[in-house]
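Presented sequentially are two complexes of chain A, the first with chain B as partner and the second with chain C.
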Partner chain A sequence: MMRILGVLGLLVALYGGLVGTYVQNAPGFEPTSRTQERIQGNLIDVASIQGRYGVITLGAAMVIITGGIDLSIGAVVGCAAVLFGVLTQNGVHPFAALPLVVLAGAGVGFGNGLLITRLKLQPFLVTLCGMFVYRGAARLLAGSVSRTATVEAQPEFAASLQMIRYVLIGKDASGELLFPAQFVLLLVLAAVIGFFLHRTAYGRYWYAIGHNELAAKYAGVSVDRQRVWVYVVCSALAALAGVLLFLDMPSIQADSGGQYLELYAILGAVLGGCSLRGGEGTAVGMVLGAMVLPVLENLVNIRGLKSDLIPAVIGLTLLAGTILDEFIRRRSRARH
Partner chain B sequence: MTTPRLTATAVSKRFPGVVALDGVTLTLAPGEVLAVVGENGAGKSTLMKILAGVYQPDEGTVELDGRPVRFAGPAEATAAGVVLIHQELNLAENLTVADNLFLGREETTGGWLRVLGRRGMAARAAELLARVGLPADRVTRLVETLPPGEKQLVEIARALGTAVRVLIMDEPTSSLTQKETERLYAVIDSLRTVGVSVLYISHRLAEVKRCADRVTVLRDGKNAGELPKERVTHDNMVRLMVGRDMKQFYPKVHRTGTGGRSVLALDAVRYRNGPDTPVSLEVRAGEILGMAGLVGAGRTELAEAVFGVRHLAAGALALDGRPLAVKSPVDAIAAGVFLVPEDRRLHGLVTAESVGFNLSLPNLDRLRSRFGLHRRAEADLHATWIERLRVKTPSAAQTVGLLSGGNQQKVVYGKWLARGPRVLILDEPTRGVDVGAKAEIYALVDELAGRGVAVWMITSDMEELLGMSDRVVVMHEGRLAGELAGAALTEEAVMRLATGGQAG
Partner chain C sequence: MARWSRLVLVVAVAGGLAFIPACGKKDSGKPKIAVVTNCTDPFWDLAEAGANKAAQDFDVELTFRQPERMAAEVQKPIIDAWVNQGFNGIAVSVIDPKGQTEDLRLVAKKVTLVTMDNDAPDSGRVCYVGVDNKEAGRAVGRLIKKVLPNGGTLALFIGSTTSANGQARPAGVLEELATPEANGTPGKHPQRPELSGKFYGKYFLVDGEPKTDNGEKEKAASNVQAMLSRVDGVPDLCFAGLYAYNPPAILEAVRAKSLVGKVKIVGFDENPETLKAIADGHIEGTVVQDPYNYGYKSVEILAAEARGDTKKRVSGSAPYQVITREGGPTQDINNLRIQFPKAADYLTTMRDQLKIINK
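Up next is the complex of A and B:
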């Protein structure tokens, strides 16, 4: 509870800063309605990115709740984006390519899960290796992919591609962002995952496994099967985010598409209240946690700071947040 | 004769390099409470795990109600009515009591979606808790907020929720206070009256006398004998467990009594985040000062403050009459004040490392040479203490976590004895240690006290407290409730002080 309030407070402060900066920077002759319009447009841009980060954050958070970690998310995002481009370029209809790519992602998660549960390998190592393997796979598939390349190779896909883009990203044919469809998608997915986490027996198992795997095992929970499942979901969501990335961006480079996203996802999950020790976290927290980084990035950008500063600002803000969180936690423990 | 509820016939189990069980036989009648006792490593836990489906026997058969069974896992055993309550508490502490009661067998609707039927479970949870004497408001509490005794009762309530017919408990009272233990006994009695059979492992002999209808003794993975209720005595059990007579279980050979000079003195000591009441006490040469109190009375915390793990907030320490400043364990160790901690696997040993590594750890400053370590001096140190403490280990290179509890504890003693202690603070000095090793540790501590080492022994084991202490101080809610010695030192007096009463 405390942690959700914390991340909520952080978001309020960031959004406040964002709006404040807009008002402050507005040229004197600009009518207020125009400023509002610009703020609105910017918030929609931010929400769009929040949606995509949120999708992978949900997956990372589920893995973290069961006491695991997935470092391969970013590579899977990149690989999935490239795979989607290659498939459509080679004549697979986008409507078929989308489920195929997500299924391939699920397969990757299944592999990760099996290595972790059957061979008893450490999640950190398995997914670290996965990170290199899937990045390499992406580079083998193609150097880069893009919607234009696909449409050039398969002109008949142009319409369906644009339709998927409109539904999942919210961009019209001219590339203007009409509504943050990715954020809507995030809310839908979060509702589904929240339902499983908080209202079904599976969710109980994930929390129990994350906190005390033996307890779950002795209670008759099929621990291995549950753990494989969360890796499957995590990688499938990463693959979905890869498709989103492909649809949103002008082009995807195989060696950099989706880079560092696993860290963003893990940070989002932790900001949202997931403990890396496992067994903690809520769906609402995950969404809130995933919203922090895009606002922060945006704030740095519009304040006219050098974009080189972004990583440092993010790191320092998170560090401050972590220190504050630990402080609150100690306080509340001392009161017990 | 009625069919026994559970029989194990000629059960054997081998692990790489060890024969854990060698043809063990055991029967359990319906509604019977059978205690299984034996030294650590005697095979009790292995036997329990076989009965509960955690392990499968290599040879022999297990029969439930006369039908042979072979459980593939604990879930299958639970389904058949055989439930193991494990030594370490097996609850998911981040979940509520109700969640834990139904973990793995939730009431659900919606087919494969498995939506939780929370209202129904809450009602049933309250009923189950009532059967173990816990109030209904515990249902929605997080398990981590409960005291250890209530956690144990929650585990039993969980077993009751599964139509249990055989309840197996592995050292159920090792983390309980006297009062909580009494509550557990009452629950066991009520289980017996409804025909549930109980198998009970314990190191506490007094407890076995109190609860069990019959005692089965294991030694070195074999049956060592059985005692009917009327023949259950301390001496009989110990004789079967260790295979020899042990009149001198609590030796008082070397000690000189309570009249020695003060070695360690605490003067109005308070520590950070501790209770407001200052504590003063002294530990004298030639005696063993026992410290009693309930779990949470602040005994361990006080010891940790003296050892420098916690920070002193007020008061002073003195060693041999001279002021002693302890800011961290480094200072305490330099002064010769050593702590044998309560949780040896967490604070006493680096369990993944070797016996030798652990013996060397606090002595590295003395083993240092210009080029690293004096390998020969280190090997001598290992050999000396492994031999003097009779640590049963193939070599100093053996991983310490693989030794039995008693031998691990000897290594903890060894690492300090190698440094030469002036004050030894023993926190639960023989917890989870088998009877044979216990006797050796008692003899060792007696000898140390006799040589002038001040021994401060914190213990929750009443027999140990009364058997070993020359003088006892009792703590209650962070303060010293009283001191007992000589004829005034009785179980009743200790319990009265520990629970907040006056010394009578």
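Up next is the complex of A and C:
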């Protein structure tokens, strides 16, 4: 419980800053209802991005709970987006392409997991190599993909693509974002993962492996199999996020699509209370942790900061949040 | 205890955020204009300087943003936040014209939209401020013709050939060299048959296409090094770098082999290194788009639109400029008034322009 108080506070502060900036900047003649409308529109935009970040954060967090790490997430996102584009362009129906891409992602995770458990390689190295391999694979598949290119090649897919887009992203045919469907998807996925994590034996295995792998093994947990599973889920979620990215964005460049997302996912997981040493973390924390960066980026955007200042401000805010989080936990531990 | 600590945290962070310096916190009643570029680059510092000057001249509140990476997924949230903030006008350097059109249409419905540097014609923007890259490419072609009037061997270097300007610039260069037969004839180098490529008029383009580096500066340098070793000993060489960082990368590699002057270099854009090298006679010339003017014009147009004045809109493409060591008189080329400033003068002007943003 204590682990999510810090991130909760950070979020409250960020959202407070956001709404405050709107009220502060609102033109004098504007009716309050219009300001509210603009705030609402902005929050929906932010929630949409939070949803996508959240999906990959869930995967990263599960890997981290078992004491592993996955640096290939961003590359898998990019590769999956490109794969989805290439498949649909070449006549694979979007309804079939979606599960195929997620399956391919699961396959990637399976490969990562096998290398880590069977060959006893370091997760850091395996997934770092994976990062280059999957980025390279994306570039081999295509230079760039987009919905427009798919629809041009396969006009009959336009309606079904739009349907998936409406359901998963929340955008209508004109591209207007009506509701943050990605965030809804995140909540559903978080509920499922939370159920496994906190209500089933599997969850207990994962925490046990993260706490002390050897002890878990002696206690009869099939450690290798469980660890492979976690990587499978992580990469499958990354592939799903790739499809979301494809549906949401005007186009995906193979060399840059999804870049740095692994770091954002790990950041979200750690802010949300996962310890990089393993064995700690909650589903609620993962969702909250994933929400921080998009709202922080939005805040610096609407405050009109100088471009050169922005990276430093983002980094320092995150650092301040982490320090205060640590401070709270130490004090509460001392009291107990 | 926990509640107390949480309160401290919230207050501390909220306090920290309140100290984030913001441009124009209170609503000043001035029109609010924003400009977003496609990435962070010295090129855009000049545009930022121009935009700031225009914001002073036309009394508007300006937010200028250079995103961290060149990706539509980075640019879009920035634009969306501004739209929701109730800005009056936004200028965008479009990254992916085809794909972004749909999103930009929604933006144009709510605020006045101007495209600059790279256009999205169907987005509902009121106008486009930018150079015709193919015309500018032709100007590079004319520089090459001037440097090697009797023909020669040519290598092109560029960041990418998938973006709109990455396609138009080399196409313009080669069209100018090969007019009227612009597609090039495949063939082998006359003296060095192991080099395959294409003939464009009297010019042989090694490999028949530009060498690309995806914006990676190290790759840009190694591309030139590899090319230099392949064409070792070939006479009448010209290397043309078509993205801002390419000409300095070429010069660096040419210097490393002590081939300055033997390998002619022609550039694009106004990298200070390029301009200095032109003034020193190490690079023959460069074609610039005048990004200062991109920033200035965009803000001028948006400021006028915010006050209901539509007369400032521009049509057609903006003129480029050709910079050489000696300079030359202004000429009319294909309906554009083209200036030929001296490199040293242009460098001085540029430094003065940048003072407004303290760079």
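In this section, the second predicted complex is superposed on the first by the 324 of 336 C-alpha atoms of A that agree within 3 Å, B and C clash if a C-alpha of one lies under 4 Å from a C-alpha of the other, contacts with A are read in each partner's own complex, and residues count from 1 in each chain.
What we mean here is this: a residue touches a chain if its C-beta (ideal position, glycine included) is under 8 Å from a C-beta of that chain, and two chains touch if they have at least 3 such contacts.
Here the structure is a predicted model, which is why all the values come from computation and not from measurement.
After superposition onto chain A, partners chain B and chain C are found to sit side by side with no clash.
Within the superposed three-chain arrangement, the count of touched residues of chain A is higher for C, of the candidates chain B and chain C.
Residue contacts after overlaying the shared chain place A:V82 against neither chain B nor chain C. In the superposition on chain A, A:V12 makes contact with chain C only, while chain B stays out of contact range. Once the two complexes are overlaid on the shared chain, A:I169 sits clear of chain B and of chain C alike.
With both structures placed on the common chain, the touch criterion links A:V221 to chain B but leaves chain C unconnected.
In the superposed model, A:D45 makes contact with chain C only, not with chain B. With both structures placed on the common chain, the touch criterion links A:L247 to neither chain B nor chain C.
Once both complexes are placed on a shared chain A, the shortest Cα to Cα gap between chain B and chain C comes to 20 Å.
Residues 2, 5-6, 8-10, 12-14, 16-17, 20-22, 24-28, 30, 38-39, 41-42, 45, 49, 143-144, 146-149, 174-176, 245, 249-251, 253, 255-257, 259, 294, 297-307, 309-311, 313, 317, 320-321, 324-325, 327-328, 331-332, 335 of chain A are the ones touching chain C in the complex.
Of all the residues in chain C, the ones that touch chain A in their complex are 1-2, 5-6, 8-10, 12-14, 16-18, 20-27, 29, 34, 40, 63-73, 76-78, 80-86, 96, 98-103, 105-106, 162, 214. Taken together, the chain B residues at the contact with chain A in this complex read 73-75, 78-79, 84, 86, 88, 90-95, 99-100, 103-106, 108, 113-116, 158, 273.
Residues of chain A touching chain B in their complex: 199-202, 204-205, 207-208, 210-212, 214-221, 279-280, 334.
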